[in-house]
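The structure that follows is given in the form of structure tokens.
The chains carry the letters A, B, C and D, assigned in the order they are written, with residues numbered from 1 in each.
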Amino acid sequence: MVKSLGNKVQTPIVLVNFKTYVEGTGKNAVKLAKICEKVSQETKVCVGVAPQAVDIAPICSAVSIPVFAQHIDPAGPGGFTGHVLPEAVREAGAVGTLINHSEMRLKLADIDANIARARENQLISVVCSNNASVSAAIAALNPNMVAVEPPELIGTGISVSKAKPEVVSGTADVVRRVNREVTILCGAGITTGEDVAKALELGTEGVLVASGIVKAKDPYHVLLDFAQNIRQ
Amino acid sequence: MVKSLGNKVQTPIVLVNFKTYVEGTGKNAVKLAKICEKVSQETKVCVGVAPQAVDIAPICSAVSIPVFAQHIDPAGPGGFTGHVLPEAVREAGAVGTLINHSEMRLKLADIDANIARARENQLISVVCSNNASVSAAIAALNPNMVAVEPPELIGTGISVSKAKPEVVSGTADVVRRVNREVTILCGAGITTGEDVAKALELGTEGVLVASGIVKAKDPYHVLLDFAQNIRQ
Amino acid sequence: MVKSLGNKVQTPIVLVNFKTYVEGTGKNAVKLAKICEKVSQETKVCVGVAPQAVDIAPICSAVSIPVFAQHIDPAGPGGFTGHVLPEAVREAGAVGTLINHSEMRLKLADIDANIARARENQLISVVCSNNASVSAAIAALNPNMVAVEPPELIGTGISVSKAKPEVVSGTADVVRRVNREVTILCGAGITTGEDVAKALELGTEGVLVASGIVKAKDPYHVLLDFAQNIRQ
Amino acid sequence: MVKSLGNKVQTPIVLVNFKTYVEGTGKNAVKLAKICEKVSQETKVCVGVAPQAVDIAPICSAVSIPVFAQHIDPAGPGGFTGHVLPEAVREAGAVGTLINHSEMRLKLADIDANIARARENQLISVVCSNNASVSAAIAALNPNMVAVEPPELIGTGISVSKAKPEVVSGTADVVRRVNREVTILCGAGITTGEDVAKALELGTEGVLVASGIVKAKDPYHVLLDFAQNIRQ
């Protein structure tokens, strides 16, 4: 079932986090975003990209798929040197943002503030969590999406949906109990279409992926495999 | 005496920090950068701008004056979601970066690592400090510039060069004793050309300014006044 | 209705946070803890104290009322210089700990880990929150208590129970919906017995108080007033 | 040459950091401190101990050797829940404090403030660094001691004085150039008296040690070996 969240974003979704990988930085980032756009156009599956703050504007100029920031700061406009302002992210063309990624963990009060600041700027909030109970806590804060990623599997190629299915289904259970409006993603170690299919079986509506696509020898074919498995 | 630091940067310099002010975000940021460029061209004084990470690429496309990041993270390429990679900043066209601004204070070991990472990416490092002894500590880390800004004066319109001249001249003294290669700036509350002239008299080679320009009713004329006073 | 949480702790409770006030440090802290003990013995109301880490052991030797740490770190035993180990807190005689006080905000994943570490060490976890939605998020993590304190009222003498009753009753509502096992406290600006009575009316089972007692001219009589109002 | 720093502290010194090791927590910490005292009395070598904040008071009651905190916060007395107040550390009987240990890295401005706060409370400041240039920066802040510890060797049993002698002698050189008043220690991987002797040869006036003593099967004999080698 396809669900629209506005801002060109619908589920099921493959959300590709470029992190600070060389393959996802600068000109490489634009090239990779175009590959993601091609797969999205060919398969009609929603593919989003989350590049570094510096690369948001060039990528938004180059592609029409949804672009997410990797992080925003809760601070408002004003004297906050070095912070990532949601207003700036929005004006550059992004439609959403990751919040609290395991490589950018935030204070609880800042996650709450960030979700409100994202909403205020029409940015879709995708809040990352490390386990089922933290996912439930996040759901209580009413974000658009929660993405559960056991940190010990991130970047390993060992898929959360196969290695820790109980974390994924447990998250789906508790999040639905706390807040039925929240879209559930999972991530960590996802490298094949089969991992993606399994994630959806466990009750999610998409995947958050990074090295599995960004560091793949042939990102186009791996992402195509993901998209074909998510479409069913 | 004009000193070249490479990367189009020379001293004396006026470095304008856009912070996260509305007037320094998105389209406003590009417009403001063009005003800075105009003053620089008319006066032959080096004017640099430090916009938010998201706005670096659009500004580097729009102007030819030196652009600085407001912050970089020491992390290398890899799995560092939400971090600001020096490589990305450089590829977007920036020539330098602020480090350790009072609104983005860093751990000492990260300042040291950031200076090395900036150098590795041919970025000019401008490290902020809050007093003379911290300025001396920073000078020992061998950055390109140290910018002393008493935090209690930032954004007040009460100029450091007039209200706390001893902090500025004290910084100049101790920094020169520790490391003669380091360029010295000062900032906080600078709003008139006279404040700028006084800063140079006290032994600095330029100023770091934010609200004094960014929030000015007529940034062009205020900056022109700065540049005319820095030139003499 | 009196509810026992074990470890000599029961509700309704007055929990006195000594912060780093001079009046709550060192010998003064021991003296203040004895006043708290006196009021507790005279009124049969549970009064807990939360001194600085350094003062836990001397206070546990001096009084028999429940002693709480102000903070613990999630790190386990090992190489964690400067961290507050739950095992050490427990061995010194404390029976519980504050977590995520507004002056010591923690990352969400660390709050989750801290609650587990507290439980593992038989420490009662009192997790602080800044509003109703954050309180609900905390309740999902299954601590023993949640204490809601709007940061803007802390230390003001303007009582949360009078100035923002909707935050207190709203917290009570959402916390009960998420997790009926969690004890609810409120704090910020509580200075009179009437403030305490009002807090209980709004659905809490006690108060977290600091300056209202610690900086009072006559802590004994203020606390007595609190206890007499909580008893009814 | 024996140099007195006041507060019962003199160099050469062996400073034993108990971290959060089980063997250095609670009753074990008191026992270990007594072993350190015994070695100090037998050899006339200054041995200091740095237990967790919670254990400072009991250890100060039990032994007469100098006790150091593992960390202090720069915050003054007031509303700073969970912070470690220098005043409290001093009143509990400590004579000094570690600052900026690699497991508790601080912002540069906070290191500067901490050194001032330590001095204000007659606490000897021992500031940790990760390399020679950071050591020079710290020396510019005028602490009592700087302790250089390459983080990659901490806890390995591979001695800094043997594996990276150039870091130790390089630190000694640059620190002396910046500030001749600062006492220089080194640490990381020190497990034998020979490692200690080598550290002194390289220009230090003592060692900072943790697992080499705390996790030793027979801490008394290992520490005795250290002390005998430091005396010459």
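The rule is simple: a residue touches a chain if its C-beta (ideal position, glycine included) is under 8 Å from a C-beta of that chain, and two chains touch if they have at least 3 such contacts.
From a predicted model like this one, the values you see are computed outputs, not experimental measurements.
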item	value
Centroid comparison with chain C (C-alpha atoms), farthest chain	B
Centroid distance [mean C-alpha coordinates] between chain C and chain B, Å	45
Centre-of-Cα separation between chain D and chain B, whole angstrom	37
Chain C, residues touching no fewer than two other chains	102
Every chain pair in contact, whichever chains are involved	A-B, A-C, B-D, C-D
List of chain C residues in touch with chain D within their complex	17, 19-22, 25-27, 50, 52-58, 70-71, 75-85, 87-89, 91-92, 98, 101-104, 154-155, 210-211
Residues on chain B engaged by chain D in the complex (per definition of touch)	100, 102, 105-112, 129-131, 133-134, 136-142, 174, 178
